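Below are structures written as structure tokens.
Here subunit A shows up in two complexes: once beside subunit B, once beside subunit C.
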Partner chain A sequence: MSRIIKEYKTIQKQLNNNRNNQDDEFNNIIVSLAPIDPDQDLTKWEAVIKGPQGTPYYGFNFILYITIPQEYPTVPPFFEFQPRSMPHCNVNYNTGEICLDILKQDHWTPVWNLMSTLKAIWLLLKDPVPESPLNVDLANLLRFGDLSAYNGLINYYLNINVV
Partner chain B sequence: MKIEVQNIYPLVAWSWDMPKNLDDPDSDEPDNANDSYGIRRRAPNKNAVDDVCGICRASYNGTCPNCKFPGTDCPLVLGRCNHNFHFHCIYQWLKTLTSKGLCPMCRQKFRLKPNATVNTDHLGAFKELAITTRARLISEGLFDEDEEGDDDSEYAYDNEEVQRDNRDYEHIWNNPSTEYEELTVGDMFNTRRYIDDEEEEDDEGY
Partner chain C sequence: MSTYEEEHGLNDSDETGNHRNTERRELRNEFRELFQAYGSNNSRNGNNDNVILLQMLSELIPEDLQQEWFEQIDSKNRKSCSKEFIDSLPRIKANSIKDKNAECAICFCKFLEDKYPLVAELPHCGHRFDLECISVWLSKSDTCPLCRDSVLSHKTDIDVSKTEMEEDWGMYG
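And now, the complex of A and B:
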């Protein structure tokens, strides 16, 4: 647990610095990353990230819920998108479950932290992997190269939530 | 003039004994070996002060999350891959089966750095860990035989074989002619291969 306290301090500092620093590629992609109730419970976190430029997600913000297991950092943190908010071929739309190797115990190493994991998820939005889909419809469209249908379907889902 | 010393406040600083140039252990020359009092003095090691353990993110000279007092209570170990961790942190990581004995930073097999003074107390612990982890991997059916090529794929690992492997392992470990750094945690996967190689080399020699 003491590592998560340390991370919390570092994250606060980094997010503050990022606002003044325009050079970092990841600058400003993280709108917020903090425990839901910092005084009581450091095992439940909430993050908000921006959709990457050049993707249908651009212009939208996405909420993630993070659960820190007791054994962290020996075991990975549990990340999921807000249910029914993320149309992406590696995300289960209904539950928000994310398919990303580093989030699985087999590929996780304690060197990852919340910030770097969040960046990895952001990069997944940029580079979807249709070979291991949790959203088969989107993955099929992408696999067959039907980008206009793919982008259209994502836009459709994203805009349901806006209304 | 008479001076009366009323109080003396000794001030002591310490840091882990680490090779300065991590890529080249031989370059470990102290800056100012002996001062006028004959005390072997070494400039504080910047690495040990600034760098943090990759697992808990606390300073090398600090403690792991579960310890209160830095120093010998919460020692540091140096990896052969030049990644260093608090003993407790890396031990806990390597104890998990999913770590596969790999360094968390570079995913090479984690081996203790040879000729590093701070490592010497921990060789036994890492050896024991390697043996038990290997046995656990085998009993869980997770033993990755592809790890070192196909040499071992013919073997069905049963308890007897595990025990024999462990004995072999002990043998190499206790044999002073074997370089100890070849046989730390990461080697739990290729103990037999290591022995086979040795024997083959011998055969060719005769």
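And now, the complex of A and C:
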């Protein structure tokens, strides 16, 4: 647990100091990353990331829920998108479950931290992997190269949530 | 003389009960072997018979039991380092750590923050970690957290060179 306290301090410092620094690598990625109840519980976190430029997600922000297991960092943290918010071929739209190798025990190493894992998820938004889909419809459109239908479907889902 | 069981008419029921229990256990083991054999190979072979068999099995077997058996497969496949190997890792003395800010990549603590740090170095890749941190990790894995170098793969090399030297000494001695 002491490791997550250290990370929390680093994250606060890094996010606060670089709020206005355009060159900072995390400035274009992370809007916020903090425990939901910092005084009581450091195992439940919430993050907001920006949609990457050059993707249909650009201009939207996305909420992720993070659970830190007791054995962290020996075992990976548990990341999921807010249910029914992320139309992406490696995300289960209804549950928010994410398919990414480093989030599984076999590929995780304790050198990863919450910031770098969040960046990996952000990169997954830029580079979807249709070979291991959790959203078969989007993966099929991508596999057959129907980009206008692919972008259209994503836009449709993204705009459902904007009221 | 009659035994207690005979007097009370219990003689048969107990034996058949035992027998039934062993039968049950054997059946359960057979199911588990089938399930694990086909459960782990199924995705690679893509054999249709296996898929149907697995489907039938998964309908018969309760879900929590299936999960337990799958976890057994996982723990068998996962490689880890022995306690002896972890204990044999070379220790680094505090005064040979040149970089003041060098930290353990697992706990993010600076080595020199501790007055008497226990630091271990991995063979070949030479990455350093707190002994306590790397022990926990290597008891579940066989790779370096930083570079994924397979730490056990170099161990045999070291052993061979040692034995060769000993043989040479024997010849001249």
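Throughout what follows, the second predicted complex is superposed on the first by the 160 of 163 C-alpha atoms of A that agree within 3 Å, B and C clash if a C-alpha of one lies under 4 Å from a C-alpha of the other, contacts with A are read in each partner's own complex, and residues count from 1 in each chain.
In the analysis below, a residue touches a chain if its C-beta (ideal position, glycine included) is under 8 Å from a C-beta of that chain, and two chains touch if they have at least 3 such contacts.
Only a predicted model underlies this, so the values are computations on that prediction, with no experimental measurement involved.
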Subunit B and subunit C placed together on subunit A: clash or fit? clash
Query raised in the report: Touching A:Asn20 in the superposition: subunit B (first), subunit C (second), both, neither?
Result: neither
Q. Once the shared chain is lined up, is A:Ser148 touching subunit B (first), subunit C (second), both, or neither of them?
A. neither
Applying the document's definition of touch, where does A:Gln70 land relative to subunit B and subunit C: first, second, both, or neither? neither
- Task: Answer with first, second, both or neither: which of subunit B and subunit C does A:Pro110 touch in the superposed model?
- Result: both
Could you look at A:Arg3 and tell me whether it touches subunit B, subunit C, both or neither (first, second, both, neither)?
both
Which of 127-135, 145-153 or 163-171 hits subunit C? In subunit B, it is stretch 127-135
Footprint intersection on subunit A (subunit B / subunit C) at 2-3, 6-7, 10, 73-74, 105-106, 109-111, 113
The residues of subunit A that touch subunit C in their complex are 2-3, 6-7, 10, 73-74, 105-106, 109-111, 113
So, in the complex, the side of subunit B touching subunit A is made of residues 54-58, 65, 89, 92-93, 96, 98-99, 102, 104-105, 107
Listed in rising order, the residues of subunit A that touch subunit B in the complex are 1-3, 6-7, 10, 73-75, 105-106, 108-111, 113
Counting only contacts in the complex, subunit C reaches subunit A at residues 78, 105-109, 133, 136-137, 140-141, 143, 145-146, 148
